[in-house]
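Presented below is the structure to which this report refers.
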Amino acid sequence: MKVRLLFFAVLRDIAGADTRDLVLAEGTTARDVWQSLRDEHPLLHDYLQPPMTAINESYAAPDSVLRDGDELAFIPPVAGG
Amino acid sequence: MKVRLLFFAVLRDIAGADTRDLVLAEGTTARDVWQSLRDEHPLLHDYLQPPMTAINESYAAPDSVLRDGDELAFIPPVAGG
Amino acid sequence: MFLTDAPLDPRALVARVMRASDGAYVLFEGVVRNHHHGKAVTSIFYDAYRPMAEKELARIVRDVETEFPETAVAVQHRLGQLDVGESSIAIVAASPHRAEAFAACRALIDRIKETVPIWKKERGPDGEEWVGWQGRS
Amino acid sequence: MFLTDAPLDPRALVARVMRASDGAYVLFEGVVRNHHHGKAVTSIFYDAYRPMAEKELARIVRDVETEFPETAVAVQHRLGQLDVGESSIAIVAASPHRAEAFAACRALIDRIKETVPIWKKERGPDGEEWVGWQGRS
């Protein structure tokens, strides 16, 4: 299945991209995606837990199972206002 | 001694004047002046206690003794803002 | 001068207090509304003991700035005849932090309503009345 | 639309919410200040997950208007590069009574800071930094 991963703020800087299209096995969770990002980027190494997680523009549990076509984003600490 | 009495808001309407110059005996208090106003104006009859009292543009106790040249005002319930 | 007979200018008030170190300001405006205690209101006449009101306002501003030392505040109160929708008072509190800006602004309006010698006569289809005088004895 | 790339217009926001029955409004503006945690700041870049931020802002506005049924609120948040003294957010709460206007305005800014996916990168003479990321692990 295909999932689109969006990067914002510090994660965009670290990933060097706005989005990435992922091809994932059925049953993959948001937490699993975070683990691969951690493995890939030394700057994320200390972040064992994923930040707040959004699926299709709504907050979701990091253990949510992803579905084909989902839009996934990790939300670094927000600082609006 | 001479004291100037100022009228504001509802008291101005009741007294029909902005100010009144009083000639008072030494030892007269603000409360005494209020009692004469009450005697004079039936609309004030139920107001046994004077409203907040100001002498020379500052709040003062109603039992303050007046001095020559004082400016006295009774302050009806305020409603600024 | 805290009292004015002209329409208020809240933007000028904000500009007067904001410093580059301020991260927030809170502006409060009191506005003539079309009702009070269930009665229709069409306009309000504001009266004041002007020199004493100026002194009381200065004292309250000083007190609040002492209690919130990082916060700068400003106040303007309009007098005379105001129609529905017109502002009678504008208060600005500017601060590095929002909590203090809210608290200082709130403290100012609450205290002004307690002690500043300003009065209002509400006018409506049923006649006119000095607010606060009825029922007091 | 709660998000904009243009300078904010708080007067328009006030005009949008005020009704003739409102006796007060409270306007909050968040402003870029020249310091943060002891470091000099010259500008802030605001980034957002725009469609999700719009939804979160709409949800918070709905929640606050449900909790304060007599109060009408409006919010605008600016994105992009802002210099010191420029406003990043404007919130208005208009109500028949001042207590509700203060409480609703305060509730809005507090909740917006908690959950809306907006981020800021502070820029100063010492470099730049995404606020909130450092020290989190």
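Per-chain residue numbering starts at 1, and chain names A, B, C and D are given in the order in which the chains are listed.
Basically, a contact is a pair of C-beta atoms (placed from the backbone, for glycine too) under 8 Å apart; a residue touches a chain by one contact, two chains touch by 3 or more.
Predicted, not measured: the structure shown is a model, and the values here were computed from it.
**Q** In the chain contact graph, what is the shortest path length, in steps, from subunit A to subunit C?
**A** Between subunit A and subunit C, the shortest chain-hopping route counts 2.
**Q** Counting only Cα atoms for the centres, state how far subunit A is from subunit D in Å.
**A** Chain centres of subunit A and subunit D, defined by C-alpha means, are spaced 26 Å apart.
**Q** Where the centres are mean C-alpha positions, what is the separation of subunit B from subunit D, in Å?
**A** Averaging C-alpha atoms per chain gives centres 50 Å apart.
**Q** Please compute the C-alpha centroid of subunit A, do the same for subunit B, then give the distance between them in whole Å.
**A** Subunit A and subunit B have C-alpha centres separated by 74 Å.
**Q** Could you say which residues in subunit C touch two or more other chains, in rising order?
**A** Within subunit C, residues 30, 109 contact more than one other chain.
**Q** Which pairs of chains touch each other in this structure?
**A** Every touching chain pair, ordered by label, is A-D, B-C, C-D.
**Q** Give every residue of subunit D touching subunit C within the complex, in rising order.
**A** 11, 18, 20-35, 84-85, 96, 98, 101-102, 105-106, 109
**Q** Help me check something: in the complex, which residues belonging to subunit D touch subunit A?
**A** Answer in residue numbers: 30, 46-49, 51-53, 55, 77, 88-89, 109, 112-121, 130-133, 136-137.
**Q** For the complex, give me every residue of subunit B touching subunit C.
**A** 6, 8-10, 12-13, 46-48, 54, 57-59, 73, 75-81
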